[in-house]
Structure formats: structure tokens, C-alpha cells
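In order of appearance the chains are A, B, C and D, and numbering begins at 1 in each one.
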Amino acid sequence: MKRVTERRTYSYLGPAGTFTEAALDQVPEARGHEWRPVHNVGEALADVLEGRSDAAMIAIENSIEGGVSTTLDALATLPGLRIVGEYLVKVNFVLVAAPGTRIDQVQVIAAHPVAYAQCHGWLGAHLPQHSHVPASSNVASAIGILDGSLPAEAAIAAPGIVAHHDVEVLAEQIGDNDNAVTRFVLVTRTTAPAAPTGADKTSLIVELPVDQPGALLELLEQFSTRGINLSLIQSRPIGDELGRYRFVLDADGHIHDERMADALLGIRRFSPRVVFLGSYPRADRKIVHYPERYADEVFVEARDWLRALVAGAPDA
Amino acid sequence: MKRVTERRTYSYLGPAGTFTEAALDQVPEARGHEWRPVHNVGEALADVLEGRSDAAMIAIENSIEGGVSTTLDALATLPGLRIVGEYLVKVNFVLVAAPGTRIDQVQVIAAHPVAYAQCHGWLGAHLPQHSHVPASSNVASAIGILDGSLPAEAAIAAPGIVAHHDVEVLAEQIGDNDNAVTRFVLVTRTTAPAAPTGADKTSLIVELPVDQPGALLELLEQFSTRGINLSLIQSRPIGDELGRYRFVLDADGHIHDERMADALLGIRRFSPRVVFLGSYPRADRKIVHYPERYADEVFVEARDWLRALVAGAPDA
Amino acid sequence: MKRVTERRTYSYLGPAGTFTEAALDQVPEARGHEWRPVHNVGEALADVLEGRSDAAMIAIENSIEGGVSTTLDALATLPGLRIVGEYLVKVNFVLVAAPGTRIDQVQVIAAHPVAYAQCHGWLGAHLPQHSHVPASSNVASAIGILDGSLPAEAAIAAPGIVAHHDVEVLAEQIGDNDNAVTRFVLVTRTTAPAAPTGADKTSLIVELPVDQPGALLELLEQFSTRGINLSLIQSRPIGDELGRYRFVLDADGHIHDERMADALLGIRRFSPRVVFLGSYPRADRKIVHYPERYADEVFVEARDWLRALVAGAPDA
Amino acid sequence: MKRVTERRTYSYLGPAGTFTEAALDQVPEARGHEWRPVHNVGEALADVLEGRSDAAMIAIENSIEGGVSTTLDALATLPGLRIVGEYLVKVNFVLVAAPGTRIDQVQVIAAHPVAYAQCHGWLGAHLPQHSHVPASSNVASAIGILDGSLPAEAAIAAPGIVAHHDVEVLAEQIGDNDNAVTRFVLVTRTTAPAAPTGADKTSLIVELPVDQPGALLELLEQFSTRGINLSLIQSRPIGDELGRYRFVLDADGHIHDERMADALLGIRRFSPRVVFLGSYPRADRKIVHYPERYADEVFVEARDWLRALVAGAPDA
């Protein structure tokens, strides 16, 4: 029987050459489908919510900068989305300029703010007097110094820039950390979580109750008391007043795991607002380990025991 | 329609006149049925387990002495029992002797060990040089000094003793605490817990896992994280080696309460051995209060939410 | 210079032949000094407090029965005492009777209540219909059946009884646990704790604040958050009303250890009443292990750091 | 004696008209002294560390965006600094353009990234198709569109912009939150903390030990177990690998408070790296309240008690 393949659309932060495009390139199901470059995360997610795209690839966390604020805040406030996969892209940077420029002529540097922050150490050591002009992407920074639209002598860009634009590399590997990676997630409209793979991650955004000191403590205990590790803990201000936070969390495991389901119940009962972002396979495919006492069968056995007690059967 | 009343049998620590009989006297359903005096708690529980009795009244806790070891250890090790009710009896004591005895002639005092302990303060103040001969009950102490079977000049007994035996009261109200009470429980074979009354108590015996420091901490957290108060915490050695304990616990609430059921599940998953002794109305009929966040409907709502997430419905 | 040895007095629960005497026999410093047999724990401690004795040997815990209530309550309420050593005595029991008695003639058994409890299993299996007459010691039980002062046909006694009295052994090793031991402590008037040996124990009695649910949790955390294990946790009712407890605790380590001193400070701040019973060498001489992060030098370093901060020195 | 006033220098993010200048304007001691505009936070802090300035005013937290990453990372990694005061500035924004521009002509918006994020809601509603060109400050955005150095038709700027530049306001109050404030801190070289005022705040940066799950839990407990509230909890990646965080914390109270000093000791013992940023008066001058059991005298009394125990004095 012939399978009729539907044509799908994927939104991503363009133009071609961005790290986001490199992430999308890792998605086998996306090959041969339409890739739609957009200007910002909000637009990518709106594409999904309003049906223009089937999925959006967005940066969510960076090993240097931490959670990407715009992404986290969008996911916290836009209902109807779900993360279905994650992808890691190694990031490093070059300092480029128009051909003929010498590094001692550089006073102003064009760079996307996140890239700029990741080169903080190198810049402080080599160009301590520089000032910074922000660019809208790691490609736009280079274009801006070439066409004169950004008032800078050099730009921080992704290494691939030399393939597309006539720039001279003044310095390579200027990122402060050789192991820097950015984590991207693929987001669709709400859908049932795919079956567990044993190497899964569950993402949540949790608002803390206002009137309870120790509320964050209580949130973390929901995980620790069920043997669940957290790989991301990111505070974000709720925005209504200083001192009110929501927390973005990545927890090891899948909503189909008994211990995760139980933790989610505990969090739901305690938090005024929980956004479940999804359970999906980890990019690194590392199997999640947990103490035997939190295995599924332990939960099942306890429920059987309780049922027997209520029915009046003797306790075993 | 005429209800045919079955004749029932109740075992209790005799003889007539003990505090246990006073407790049984508080049970309306027991009136007009057979009351069977026995010699010790083990015999009372064996009567129930082997079908000679329908229920046994046994002392479980005392405001001065704490948990009654024999009772707690029997409940911990004999399967097939369930507590169905609790009853409080005010206890106080008199010092009695054969007629004509003067208090300055008293050197040895006959007393049941629990009664003896409750009069410790008075004895230390008034008869510091006395020694103690244990008697098997608060009635046997008095009989023993009268018939010479106990080598003592005076006995500690319940105030009612004067109605049955020819003794002289040397001192009244010699108990160290005017508010001393003993708590008794009525025990049957395993049966389904009666419906909650809103003023209920749940009794458990929990063994701690050996290999986990902080295990008691974790046990207590199972209650505190669900807004459940404990009114009894009694450690008892398991008996196989020094330093291993089981804990006898009375928790406010009923197994039909969502928060209690959830706590029981948590304890069952963590403990190598849990004995559920029963959920039953409190003797004092005090309504159990708990934070609104642990109400039944909060648990139900969280389960509905989780079910919707797994099904792929958007989170509310 | 010649050291003049002072003659010292040691009080213990007599008569000769008790397990308490066996404990005192383990104290090298006691040899050749006066041993003073007394009738009860209260008398032994009064001897110390009032200067008649230099020290008293008293039973504090039993591997079957748990803490010895009278001892724990006396230590909780009598100020001015300190534990300076602990000693373990293996306990087992025989069932004895007047020569010529057959076991099938035994209906009533004389036994000290603690001994009786330790033979509960054997008695339930072999003499289920027996009743119990309490005796004041493991020696008095045997004497009582011989001289007729106790109305019983058999007695539970310590194995050494056959050397002193004309009894016939009906059954040996009737204790429920072959490894049963009783722990004794040597108590003096308040004195500075001896230097740490590395294998020490600290004993405390702590009253919980009334108005705080989770108070026991908080007490236990004072130890767990400093890497200190507890080898004894014994609840005792305070005695004023049902549901109020004090806790008797043995913690691994010495008051001279920084982590123990810090835990004691935390407990003192939180508890309405703490009795420090002493830091003394463990009977088993087992070296106390603890996580490196709770070592003395870590505490000292932190204090140095804090002092520097307050002084305005840069943080290291 | 005549006091010779030294001339002092204050660095701040310029040019004149920024919110940072408004913060510096709140410092009475800075009036009449030299104000030195700089290009970025790193330069401001370098001025202080290298002696070109006596103090620097820098933005540290924003009610919409949360902690300012560059500031937090600089404070985490540069030794020798101390916060001596905090200042709040209300922030709101206008959308401006060259005279004659209509809002329907706006496709690209120049804005400082933090300002941009604070207008996210308004932009999504009114200009959903816009793209963003980052500017280096809230003043540079407007200058950039006027002089053509930024490729945008409109700019997000502070309301005061109209006083200095020939722009037309297209929309006012476009910030998503009317109560948005930015919190600034005044930073000097390391110095002893000023005396407590009763309304103080202590700022810390704490790295978590890698090998301990539940490490964040333990960090938070250091505060909760001493009755100390946290008003800021901000996670920042350490930057060496995904999943490793440091935490920026503002705690209510002063290092001279016993409970805060004790918490600092606990944190120092547990964390591989703690940066004490300072204890300083709160901008809102709100008196810090705490449970009576954490009062200074409770700590002092406990220390006296411990000292007496070690000396061999009876426990009170």
C-alpha cells in the first residue's frame, strides 16, 4: 500500500545559516518538507498555534547563558503548545571584519546579545575598551558591518559565515567555553506524549504559591521524594512585581512513569499554575536511572495494598 | 421486621473492677452480651483471632507511661486484627493496706508496674525508702496484701477497690497527674473500615528500612507533606538487635480521606513492613481540621488534570 | 609522688547476681571499691545526687524491650546527673521451678516484667494458658517460688540462678532472641565530658515545642543536616497530657566535635527543654564515621571566612 | 577641625538620560561628585576594581526580565567587590520615530533587548509582524533611527527621550506592566558592611556541589531553618556544561544578625564557592520581621548553654 506523505511546515529563526537551522537539520522527519524562516520566537510559536506551521524549532537553553528568556516566557504564557523533541547544537564563534581590517582598529563590535555574552572573557582580555552594538542574529551582525547598517568595525558570527559572506576572520574560537552547546526544542500543538523510550525528559513551568515561604523547597521535594533528578532549574520573574517567580524545570523521566505521574499530581495540588510542556526523548539518549524503590511496580503494588485495606482484606 | 440479635463475646483484662472493664462499659453495643475476663493481652487477642470472642478491649496508651509495650508488640506481630474504636478512662490511684496499718509501717508496696510508675512522684516524696513488689493487676495488688500472697504492707489500687475489698485507704489521689487517662482500643478480626465521621483516627505500625539514615525523617514527611497531624508517635524496638525500631503512629483522619490514602501509599512504597491497624472514630469526637489545599477535591482535580495531559488535552 | 587512692562507692540494682551487677563488673575503676546494692533506679540515682555514692550503674535500654522507662524518666527529670560510660550485658533466661515440678504443672509464672516480655514468644508457644505474677528482679522471682512468697509454680530467671539457689531448670534459652543484650550506663554527678576517643556517643533528652507540627521532623533534621547518625530514638510521654512526648536520643559523636556542638546549639534554640546527659565512649569502641564535609576543620574554616567578611576582607 | 571632602567618582551606564543615571540621582552622597558614563557593566566594575572610580551604579534585577545576566555573571566572577546600597527606578517605555512616520509604516523596531522584552505583549498585539534590531541603550535606539545608523523605522525609548531628541511619540506606556521597576545596586571595592538598620538585605552568589542531588534543596534549607526569607532567587549557568548552576540570592537580614551569620556558616560549609556580595539597607526601608525563636538573644543563650556543658556545669 502506498503511503501518501503529507507536506509539513517547520518554522525556525532564520535566515539560513543560523544555529536554529542547524538544529532543524537534525530532525529526520523534517527533511524534504517546508522550512519557514521567521524573525523571532513569538512568530514561530504563533505559526504553530495559528496553523501556518506543524512545528517550530526554538532555542530554549544555552550552556553559557542559561534559559532563553523569550522562549521560556512564551512557553509559560501561550497555552496549546507541547515540546516533542530536543536537539543539541555545538556553538562557537569567530570575530570577523571587512577584508583589510586589523584587530587594533576595532572599537565597536556588532553581536547578537547571547553571542556577545558567550565571548565575554575573550573580549575583556583582548579588546577591553570595546563597545557593543547588538545585532538581531549571528548572521545579521556580519551583514551589518559589511553593508554599513551597523556602526561597528567587527562582528561576532558563527564559523560558517565565511561560506556565505566576504569577511576576514580576525580571531577564531573566541567563545569562552569550548564545550558550549545550545539546546533547541521542537514544539507542536498540544498532543498526547509519545511512548516512553527509557531516556526521556519532562518539561514543566511551575508558579509558586505566594503566601508560602519555603514554597520552592516544597516544589523541589516533589521530585526528590520520588527519586527524580532535575537537569534544568531556571527561575523567571512572573513580571507582576519584584520577587515573584515561576520556575522552568526539566525532570528526568516520562509522564507515563509512575513516579513522574505521582510528582505531577503533587505539584498540581500545590501550585496555583502548572504548565506541562511535554515528555520527550532526551537529545543524548542517556537511559534514566533511578532507585529501585521508585520503580513502577512499587507504585502498582502499593495501590493494590491500599485497595485491599479499604475492602477489609488483611494486610499482607 | 424483627431484627434477630446475635449474641456476641467481648474479651477484656479481668477481673471485674479493672480499668479495662470500665472501658468496655463505654461500648453501647457490648451491653447485654458476654464479657469474658482474661489474664493478659495475648490471651485477649488470641480469643479474637481464634474465634472465641468477637472483639477484645485492650489498653494501648497511657498519658503517663506512654504506649503499652505488650499491646503494641502484639499488634505489630499478629496479623488479622483491626482496631474499630477507642475509649478513654480517667485513672487515679489510692494507697491501701490491711485495716489498722499506719503509713509509717509501709516498707514494701505491691503495685502493677504501670500503676507504680504513675505514682513515682508521690512515692519519692512520701516513702523514699520503699521497695516495690509488682502485682499482676490493680486489683491483684490489694488482694495480695490481704491474703498474704504478696510480701508487702501496702498496695496501689484503683479507687473502686474499697467497694469490693476490706482495705483501709492510707492516701488518695497519689497519681502524679490529675489528668491521667488510659486509652483503650476495641479490636476485631480484619474488617473494612467503617465510614468516616469527620472525627477519625488512623493507626499504623511502620518498620523503617535499615539501610537509610534519615528514614524516620522520611516517614514523618509522608504525613507532614499531606497536612496530616500525628497524635501518637511511639518507638518500639523490633527486637532483633539494638538500634532497630518500628514506630506506632496515630494519624488524624480516615483511610477514605484522599490525603490519608495518599500518605499510606507513600509509606507502603518506602517501608519494608506496614501494619494498618484501622481507621475509627476518635474517643473525643473532635472534628479533624486540615489545610484547604489537602481537601479531597484537590486530589480529585489533580487526577483529572493528569489524565487529560496523558490523553493530549491542553493543560488548563 | 605517691597517689592516694580514694575509696569510691558504686550503687547498683541488687542483689548480687543481677545483670546490673554483671555490668558493674565490667568497670575496671570499680574493682576493689564499695558496691552498694539498692532496690530501684530512683534510689540509685538519689545515692549519687545526695553524695552517698560516686556513681550508679543503671539499665537504660534493652534490645527487646527498648528504653527502660523508669531510667529514662528519672534522667529526664532529675537535674545534676551525667552519663560517663556504657556497658553491654548479654541476657538470656531459663524457666526454673522447685525440684520435682513438671512443666505441665505450671499455670502461673513469676517474672520481672522486662524478662517476661523477652520470653513472650516462647511462652505463647509452650504455655499459652499461663498467667503472670510480676517479681521485682530476676533473682526475686526464683526466691519467691521457693519460699512461697509468690503464688507461682515456675519463675523466669537469669541462667546463673542455679549457682545460688536450689531450683530445677524446666527450659533453657527461653528468651525470644539469642542476641538480646541490655545496655547499662554509669552515671555520676555533673562533670565535664572526658576527652573524645573517636568512638563516642552523646545522649540527650529533648522536649518538643507544643505549638509546632513537624517539631519532631525539625529535631531529627538538626542531626541529619550535620551528618550525625542516631543509634537510639525513644519517645516517652511527658505525662501531663496524651500526645505530648519527649525524645531520648543517642547520637554518634562527642560534644567536642564541631558538628555535634553545632547540632546541640540548633536543638537548644528550638526546644523548650534539652537535657544533655553526656558524651562518653561507646561500649563497642566502634570508630564513628561521618562525611568529610562535616569535619572539624570545615567548621573552623567557615568561621574564619565569616570573620573576614565582617571585617571587610575580600571573600576568598 | 575642618573636614576636607574628597572628590569621588561614580561610574554608570551612560549616556545621560538612561535609567541608570536616574538611579545614581537617588544617591545623596553622589551629588556634586564626578559621574563617569561608561559603555557596559564590565567597564563600570573595572573602573571600581582598578581605582578609576569609587563606586559603580549597575542594574541588577528587573521586575519583568529578572536578574540582569551580565551583572550577575560579573559579580559572580570578579573578586573584590561589595554592594553597599540598592535603588529602585520605575520604568516605562514609549515607541518613537522620526517626525512624520506613521505606525503602519513600522516594520523594524530598534530597542535595547531588555526594553524589547518588556514590551513583548504590546508589540505582539499591535505590530505582530515586526522584526527587532537591538540597540545598546534606551537612548541609542532613538539616536540610531534618527541618524540612520540603525536599520529601523521606530525605536523603544525611555519617556524622557522627547526632551533631548527630535522624535515623535507613536505610542505611550507600551511596557507590559505598569508597575515595572528596575533594581540598581551601588558597588564599591570590598569593605566592612555598614551597621544594620533593621531593614537590610544580604546578597550572595552560591555554587552548588556537583555530586549532590538535592543540593538546591539543602541550600534553601539553610535559610528556611533559620527563619530567613529570600526575596531573589535567580539561577545562572556556571557555563562549563549544561545543567550546572549557581544561584544568586537576596536574603532578608544583615550579616551582623546571628541567624544570618549562622546561615552563612552553613552555606560556606556546604558550597564549593560562595560569594558574599554585601549586607546593605533595602531600597524600600521595610523592617525585616522574623519569628522570635530566631532572635539574636536565642543564639547567644544557646552558646552560653553549650559552653557551660563543656565546662561541666549542670544543664539549666
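By definition in this document, contacts are C-beta pairs under 8 Å (C-beta built on N, C-alpha and C of every residue); 3 or more make two chains touch, one makes a residue touch a chain.
Note that the coordinates shown come from a computational prediction; the quantities given were computed from them, not determined experimentally.
Compare the contact pairs of A-D with each of C-D, B-C or A-B and report the one sharing over half of them by residue number.
Duplicate interface of A-D: B-C.
Between chain B and chain C, what distance separates the C-alpha centroids? Give it in angstrom.
Measuring from centre to centre gives 25 Å for this pair.
Please work out the Cα centroid separation of chain B and chain D, and write it as a whole number of Å.
The answer is 59 Å.
Could you give the separation in Å between the centres of chain A and chain B, each centre being the mean of its C-alpha atoms?
Whole-Å distance between the two chain centres: 57.
Please output the residue numbers of chain C that touch at least 2 other chains, ranges allowed.
Each of 221 in chain C touches at least two other chains.
Which pairs of chains touch each other in this structure?
A-B, A-D, B-C, C-D
Residues of chain B touching chain A in their complex?
79-80, 190-193, 218, 221, 225, 255-256, 261, 264-266, 268-270, 274-276, 293-294, 298-299, 301-303, 305-306, 309-315
Any idea which chain C residues touch chain B in the complex?
So the residues of chain C in touch with chain B come to 39-40, 42-43, 46, 61-66, 69-70, 73, 112-113, 117, 120, 124, 128-136, 149-151, 176-177, 179-181, 183, 213-214, 216-217, 220-221, 224, 229, 231-237, 239-243, 245.
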